[in-house]
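What follows is a group of structures, each given as structure tokens.
Heads up, the next two complexes both have subunit A, just with different partners, subunit B and then subunit C.
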Partner chain A sequence: MKQGPYSRFLVQRLVFLFVGNLLLLLAIRLLLRAGGSFADVLKRCGPDVAPVILAGLGMTGIIFTGAIDLSIGSVIVVAGTVFGILVQSGFGPPVCFGASLIASWSLSMLNGLLVRSLKIPAIIITLAGLTFYRGAALILAEISIPNFGGNISIPDEAFHSPGKLYAGRILFVALAAALLWEAFAKTPRRWLALGSSEEACRLLGLAPGRILQSAFFASGIFLGLAALIFVTRVQYIEPARLALSFELQVIGAVVLGGTNIFGGEGSFAGTALGAFFLYFTSQVLTYAEVNPYFQEAVTGAIIIGVIGLDCALHRRRKLLEELA
Partner chain B sequence: MEIAFFTMISGTSFQSAGEFSNYFKSYFGDLLAQSAPVLLLAFGMTLVLMTAGIDLSVGSQVALVACVMASFRSGPTFWWTAVPLGLVFALVIGLVNGVLIARLDIPPIIATLGTMIFYRGLCFVVMGDLEKSPFIDVPGYEWFGKFLGATLVVGVVFVLGALFFQYSRWRREVLMLGGNRVAARYAGIPVTRRLCEVYALMGLLAFFAALCFTARNSSVSASSLTGLELQVIVAVVLGGTRVQGGGGSLVGTFFGVVIIAVMDEGLRGAAVWGDQHLPFKISHLQYLLLGALLVTGVWLNTRMERPAK
Partner chain C sequence: MTRSFGHQLQRSILFLASAIFLCSFRKIPSTGLRGLRYFCAVPVPLLKLDAVEKSFAGVQALKLIQLEIAAGEILGLIGENGAGKSTLINILSGVHAPDGGVIAWQQQSVKFNSPHDALAAGIATIHQELAFFGHLSVAENMLLGEPWPRRCWRGVNWNQLHAEAERRLAHFELSIPTRRFFNELSSAQKQEVAIARALSRQARLLILDEPTASLSESEVERLFAHLQRLRHAGVAILYVSHRLDEIVKLTDRVAVLRDGELVATYPTAEADVNRMVRDMVGRPLDQVYPHKRRGAFGSPLLELKAATRAGMFRDISFSVRGGEIVGLAGLVGAGRSELARAVYGLYSLDSGEMRLNGKPWSPRNSHQSVTSGLVYIPEERKRQGLVLDHSVGASISIGFSDLLTRWGLVPHAAETRRVERALESFAIRTTGPAQAVGTLSGGNQQKTILARWLDRYPQIIILDEPTRGVDVGAKTEIHALIDRLAGEGRAVLLISSDLPEVLGMSDRLLVMHRGSISTELRGDDMTQENVILAASGLYQEAKGTDR
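Right after this comes the complex of A and B.
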């Protein structure tokens, strides 16, 4: 029945977000004071949203399968702590970058393995991971750094290149690759299939466990890139505070992008647009000189508002389906 | 067993049985007063999990109610301005969750994730960077933070709740809609209304939790109580409530909270020992233990269920 890869609902959402983003950009342009340059705003937005979009691409894949990963913020903290420890022990930039990539990838794989083998809902496993990994990062830092005072300083600029110089480029390449992959490869379709019906997958001869693991595998790679950018953008790595409630931003972007939180429907493009939408909204608030204390409330209200509207519009159809 | 273990760690030694019983009394009195907010919220969370929902916004709810109450003037007038308004406000924010989930049909986890951010944002709107403590000068207020007050509040909630629960049709309706929502609708259960009631009750309990919390800690800021929802959920799950809905027990929840409180207290007691002997802060172990307990609890729950099927 459906024409093309996206349902009518998804296309509507993508158009809404696209137009919304343009309107928000227009608002920023109008709010700019003399002296502020619009080109700067555009130049900055890529690197600023890069971590959210990259982590969001991985999260989208996981949510496609009907699972979720709440632990990404803490995974980034572990990656950052490993990075900081290696920098302090005098390793060169490539080793440190590689180690933080591997750290986040392997934790993501661990999440996948646990969900598969313990047969516990992913939300519970990763909720546990959310606290566990952060605690592990803190303890790791305290054990390996003498006189650890709560943060690890990274003064050398050589360690900041991925976050400060190449973030936009990394984002562009990863996003292009993800979109092409979604358009032409089989794996994302398998994730969607698993999210639609695990039973149907099994009957078709697909291995649900392996498909789930592949989603966590891919997510690990994207999350590794996100972590790399995240930890190299800051001067201090503070395990207790770094990336706090990052997972909420990311899930907010994914859900705003039209991906069904229960799996089976969604798109990478929507996630990217959703992330930009949240970012531009916060920028509009900043340029409109709204009290910064309102920002968190407004972000929450937007997530609830957009999703609530959407769910309400679909409610009748859902109830009818339920009773059919 | 845990108590014995952590008491050992904290290095307390007892000369006589009397001393031990005194220690035991003060230990548990403190423990109960300390964990009263978690106990109250866990009661509500058990119901929420029974409906196959989840409420991630409880920490923000309690903080928001406390913040709103803290913005009133202190003194005897506090009792008939801040307290009733806080109560109404708590019911409203609970009901907002309920309406979002039941009327608009947003998945509970998404809705409460959104309201978790939203309510926390409102905390900052109300409080800014300040830390307020009007609670100290309210006559009789600190009673809620003491052993007796906290026990009474918790006791009344649990006993009334348990009695009501045991004999009411409401409980069976809630359990049924958690087990199978479609079947519940076919059976003529007002699903939307029951869900709203459960989440509004959560708001009410958040109000009582805010009372106990502010009476004990006497000051509140916009970022208090972050991460409380995790403790509550872990406690409920440890008590044997299914995360998939349709089953659960209040007695189990009570013991779940006690386990977590004892663990907390034990870690705090062992802090001095840990500082001398361990290369890391022992309080950070709490994160690891909470995570491990959550996974173990859910795993055991599913393990125990499987043969029955």
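Right after this comes the complex of A and C.
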């Protein structure tokens, strides 16, 4: 019996989500009766779904280790504020893009360092970060921008290229890199090991702190790309409202993708499929003209339904195997 | 001629002397001995502990330990639970740092700050609680601490990785599919992977803590053969076990720990089991089981008729009467615990019926069982039976606090009174009701669980491996307790893999094989051989050919 790095549970979840995504696309296709081309829907899906997938890839690595990062939405706000300030101060696009990348990467590293050195669970540290970083972004904007009125306007189209033009390509390259890396690198396996037993890692002579830090390192890179697309997509950067509850959307995609929220098991591919699934679901609801007030509740019900159905199928198959 | 012979003699003596002189500065790699000592065959200890001590939160776990292990020696380490064996192992493997004393490793004083340091120095340890990663493959589990084979573009070469793991397993005559996930292995396979991983580390000192807990006889034989081979290659082995027969069979020397002190070390050849037990407990041990078989029992309290649950057990019929201890033997995985849990209400039956006190019994949950007078004391007390951080008092009172509750509140005075009475009547050794359960020894933890339920006066008690991992002294106390329970007219169902125990304690013995009761043994038929035959499903066959 040959078995790759995915467990059967994960493979089943991946197939399940893949089929689900195809069905949702079919539904969108059928719902597109009056006007609107299917190609447009697909084209738009790049920029819309890219931030969730990119941030999700980073989050997947962190959740592998049994930690979590709740502050990613606020980190994106800081990146966006830095970006906005630099744009307003007249810097060119490359500097502004670079600065927002570095800002999110370093805050992610800071999270890792704090979790490591203070020995406080990541969920607590990053919960504090969730409010702290957003507050810090507001303070930063208030200090650096004269007459800061709550939002920073980015009128020049040159600053919107990553979010509006290249999002799909960035997503494609990053996703391919992540999947290759998952298939051929040792580091993700170390993260899974840490998530499955920290004690065992220590007894094996591995350094748990360093492994955790590497997860935050990698997450920072993906988060930087997500932030870049996120902040260059909008006309106005509004620190108080940008990327609100983004972290929950991302964690939702990760969990839907079959990654164990307590660490030790999961896949990057699942996260990408999960994010697509959530996005297509919302699209179907929009095209089906479901009352917007109902949409969020319906989305939640669908998540529960999908995970419930998948787990039930898995249990049933395990039971059948035991009987055989 | 004479002169030249004398000259030659002089020259050769000079040559020899200088050779020996030079050699004395070189280390002979395979032994770690300095050259001269190697020639003189003076054994130099590979590891030497001098006045090593350790205390946790004011409790002295190890007191001034003096211990030596030479290369090529198998040293057995024995002692009751809580005697300090684990602490000693943890110090040697770098998990804990000693509070005082000197550890000399290859004649150099060392300080291990982490397990990594100890591994790098050449000390590999197989801990009792296996440290592994469930969702990684066998190969990954074995090799995670080492560099992995890479392709030219730095990607992991999975095929080579698995081949390497396979090679190492094959070296120990194991064929376990290396692509399987670790949590899909049986417990014996898990243990074998742990052993292979540690042995393939090329260690100079190998520490094994209860490595045979889930191995079968033939697997133990194979392990011992490997250990002997390693010993001849100059590896020192520290072997820790509760099984004294293994200690006698395998080791060269025995060291006995009692209450954190090294009370004796002697060559195994000079020791017999009785002496070891005496040294371990500090008093001669009464090996006789307290239970006297009684003839007269009460009415059946628990009856099962053709009880079946798919995939777990099938067609189970038996009854337990008041005052009777019924043993339930069988191999691990024969369905004994599953059966007990079904009776307790954790699983439902697919078919068949159960009767409790003569009335039909189909529990919906464990709470209903407890309130109906049936308690189950689970197999893995640390995981299923106790919250380790809770105090002893809270662990006991959780069993009966609902009986005391008035208006939703538990009267403190009454609770304390009952807890103190339970501590006293079960002779639980604690610093007081506030001590955390996790810090008690295994025997005292088990007694705490018993004390929790027994204040409810349950009529039927199911005990699942009540003395596993419990030291000899506490074992006898638990046996006496079980006997007392039966003497009071309660029905006891005793599940145990410890054959002498289940034979010595039970009035009747049911043996399970692959989910059904293969044999019921009574009276003189209750022998170890019969139980083993029945547990492997060969009893009827063997008896058939006898007659």
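We take it that the second predicted complex is superposed on the first by the 301 of 324 C-alpha atoms of A that agree within 3 Å, B and C clash if a C-alpha of one lies under 4 Å from a C-alpha of the other, contacts with A are read in each partner's own complex, and residues count from 1 in each chain.
What we mean here is this: a residue touches a chain if its C-beta (ideal position, glycine included) is under 8 Å from a C-beta of that chain, and two chains touch if they have at least 3 such contacts.
Please read all numbers here as calculations on a predicted model, not as lab measurements.
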By the touch definition at the top of the document, which applies to A:177: first (subunit B), second (subunit C), both, or neither? neither
Is A:7 touching anything from subunit B or subunit C once the two structures are fitted on A? First, second, both or neither. second
Quick one: is A:15 in contact with subunit B, with subunit C, with both, or with neither? Answer first, second, both or neither. neither
Which partner does A:307 contact after superposing on A: first (subunit B), second (subunit C), both, neither? first
Answer with first, second, both or neither: which of subunit B and subunit C does A:315 touch in the superposed model? first
A:142 contacts which: subunit B (first), subunit C (second), both, neither? first
Partner chain(s) touched by A:261 [first = subunit B, second = subunit C, both, neither]: first
Chain touching more of subunit A, residue-wise (subunit B, subunit C): B
After the superposition on A, what does A:190 contact: first (subunit B), second (subunit C), both or neither? second
Contacts of A:199 with subunit B and subunit C, given as first, second, both or neither: second
Touching subunit B and also subunit C: which subunit A residues? 322-323
Which bits of subunit A are touching subunit C when the two form their complex? 1-5, 7, 180, 183-186, 189-190, 192-193, 196-197, 199-200, 202-207, 260, 264-265, 319, 322-323
Which residues of subunit B touch subunit A once you look at their complex with the stated criterion? 54, 100, 103-107, 109-111, 113-122, 124-125, 128, 181-182, 185-186, 227, 230, 233, 237, 243-244, 279-281, 284-288, 290-292, 294-295, 298-299, 302
Okay, in this complex, where on subunit A does subunit B touch? 114, 118-121, 123-125, 127-136, 138-139, 142-143, 245, 248, 251-252, 255, 261-262, 291, 293-301, 303-304, 307-308, 311-312, 314-315, 318, 322-323
Inside the complex, what are the residues of subunit C that reach subunit A? 93, 95, 114-116, 119-120, 125, 127, 131-137, 140, 144-145, 148, 151, 155-156, 158, 177, 179-181, 310-311
